[in-house]
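Presented sequentially are two complexes of chain A, the first with chain B as partner and the second with chain C.
Presenting the complex of A and B:
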């Protein structure tokens, strides 16, 4: 027998979840979204009188794996000061023991929703380049995102692009953390690798903890990540995700580009996606900057490294790049001949 | 296109000057001197182009660029007319002015302003 409707149960659950922000400088405004680890709320920072987003863990206790992961995410973000990465303002524990961190409140749309309003391929590619810029910055600081997908990218009202949700981020270099802190206390994540790697067993690579199942998003997750091959995960895993994200920006789907499904995607762009998402990591772009460079070269009307052009393709590209001048010179020639004919009639 | 205005003027002026010279093949009477016609037309285009580009760099205005282009090209064409004879006045002057107009427009629209680019550093 059922005494309460599902809706009523949801309301009760939401009511029970409402965090008590007493003792913090924040005043709760509204719930924004639920994630894997907890809930994101908007709140007002009463000291600075600004809106912030609070990511609050579901379960109390600073020592749980989830709490460590949330704290680690906050620390990773705090060290990645970049216009394309959402900044963290504060971290703390609520009266009920739940860990939270406060970050910039980003007003905008998720990339998968925003992209519907962007019809031009060059504009979509420019957005992609800004994502690459943020991810490349993180890689340069020894951090892998490991869950890049359209839902984890926000586009603000002024076109600012922010890479969100660094909850699965992996720290590759110990230097990323201050001395005295544990090295990447929560890295991955794979069911098949539940036994922790012995301390010092893998120099400079994160420990594996007892967390959950394979993390990442199908379609955007590299094969080595899906296999749980933690030793093989490096910057090229994020490059795979970026390739899938690029494909999504071009076709609306992360999967392979078929000529029939997307006839208007040029071969060079399809080749960039294919190179970035090759199953063998060694055949992908070695660094995000190189992927971004190829996309930039496409935007500038230059040949891309991922695709060897035929003579016809080279000619078409040359014509597109210099179309105005070619047409201008042709017009000049026509006028010149007309003048010649007119003068000697 | 990331050429400075004088460089763009040089490239475009040279190309149009060369094409101008090549149209001499439509005039059978020029056949014995086609080599000189092509070389001098191209030289005229190159000099016009670089001068127009230089003026465009100094005066950041489309109207000034186009008018200066026409004037410079007309002046150089007139020098050629003085040598070739007044009988060819419009044969030389009209294409020359057309070249000046196009180069003046293009250098203003597409040429990089070196001074402005330098100020970013």
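Presenting the complex of A and C:
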């Protein structure tokens, strides 16, 4: 038997990674990235003559947990039709047994790289609001993302924001997937929703065995996720991640904002981050829309719900919001005074 | 997954072979021996090299211990005690080797065994030559802390070598000897300077033939290696994990 050198082992590994697209309408173009489940490639859809992204599992088998999770991700995405969520075009199994799905090819930059070119805080906040919009839409359809972080947000060439990688998504509403379809047991812990955003439309809730596996990304993961306490995970867990993401947009890091480290960040913004990332889920914003509303209020120069202002802060904010009119009135008054003085001479 | 899932590329991925763990628990003695042979084929070389380096045994003693270990695996039904939920088969076997060598030391035994009982050809001189080549390169000598990694690497080498051998046989059976020669020249011989164009010139064939031949060989190699791996794993979960480890899909 032939002895295989280390170099030969590497070559064999590299060769074995290339997917067999025979029998599909896709022609492989290039490898884009490796994720936790498999590899993402760009490919040419020769039927429709367009570029797509293919997410392909490494290991063959349609019954593995990863295969079920990938399929579930594709099905979740297919039902979440929103400009902020990447659309899925196709799903299937390759000749070599690997499960894949085809999605829109998003040309753009990951959020963590994109924000290097965005210096204005209001612009960053407007970007954040678009992320909230997509996540809020998913929540309204009974889906939690559970892995929100800068690396999972893409910004397109026209500033369009796409929330990616729904591989850890959790289905809160049974109706999201047709009955009888197999789903990842980790993600099918249908539970009593504590969050008002989804509590309205829950039907047919049932309890399925839970794994308690820790899934998510440190720094962006809520304490209940970090504990693997799946019973406690709801919309507020994503709100925690959004809070950490907001902090990242403001400071470049997901951790707590200290006044010394980030003197530029106003108290009201720091308070929004703090409220969204409170350890106790009950003290966080109850819904993404409320978090987004607070950020919008900040952008509009209004008081935010997360922060009780002092008289001085109120005055400063009032001044900033109506600076133009205040200065106009002040100029008018100064002119009147000057005219009066001139006339009395 | 439901029946309705689209099968784009047909279904060339074959049904899985039965796991050696299941086979080893069979009441049929032939089935059990077949399981041992499959296991022995994949693991004898890593076990031999591990005993040589970890336990610092001379070649003849390591050969005896290697054969003795696989006999013990069969006689004491050690595979029955393996629980795929608790550990990987690879780790379990390595710990069994350690325990076996220690027990042999305590008992002061040194019996010639194996003989005709193991039906797998154990090419000890070949293994010794490979080890010699590794030992000559100081960077390749594993430290005591990295022996687990060494065992894993040798296990991957052994698995891939078996798959390459099976691929060679497949090419012969399908009269695709040239395909194997191309695969050998490009992927196995480690010559980084060789190109598809050079191979096309050397064999007097179009470039597309080289590309297609290599793509076919790599697909078949992957299929065979994964099939063999599935056979020596205790569960689907372990297979998934081991496949990612063997092919380096976790580390990239």
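Convention: the second predicted complex is superposed on the first by the 300 of 345 C-alpha atoms of A that agree within 3 Å, B and C clash if a C-alpha of one lies under 4 Å from a C-alpha of the other, contacts with A are read in each partner's own complex, and residues count from 1 in each chain.
Going forward, a contact is a pair of C-beta atoms (placed from the backbone, for glycine too) under 8 Å apart; a residue touches a chain by one contact, two chains touch by 3 or more.
What you see is a predicted model, and the numbers here were worked out from it, not measured in a lab.
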* Asked: So, A:340: does it touch chain B (first), chain C (second), both, or neither?
  -> first
* **Comparison of chain B and chain C by chain A residues contacted** => C
* After superposition on the shared chain, which partner residues are touched by A:23: those of chain B (first), chain C (second), both, or neither? -> second
* Asked: Touching A:327 in the superposition: chain B (first), chain C (second), both, neither?
  -> neither
* Asked: Given the touch rule stated above, what does A:48 touch, chain B (first), chain C (second), both, or neither?
  -> neither
* Who does A:279 touch here: chain B (first), chain C (second), both, or neither? -> neither
* To do: Name, in rising order, each residue of chain A that touches chain C in their complex.
  => 1-5, 7-13, 15-18, 20-24, 34, 38, 58-68, 71, 90-97, 99, 180-182
* Which residues of chain B touch chain A in the complex? -> 12, 15-16, 19-20, 23, 26-27, 90-91, 94-95, 98-99, 102, 106, 110
* Structure fact -> Residue set of chain C touching chain A in the complex reads 1-2, 5-13, 123, 126, 129-130, 133, 156-157, 160-162, 164-165, 184, 186-190, 192, 214-215, 218-219, 221-223, 225-226, 236-237, 239-240, 243-244, 247-249, 252
* Asked: Given the complex with chain B, which residues does chain A contribute to the contact?
  -> 324-325, 328-329, 332-333, 335-337, 339-341, 343-344
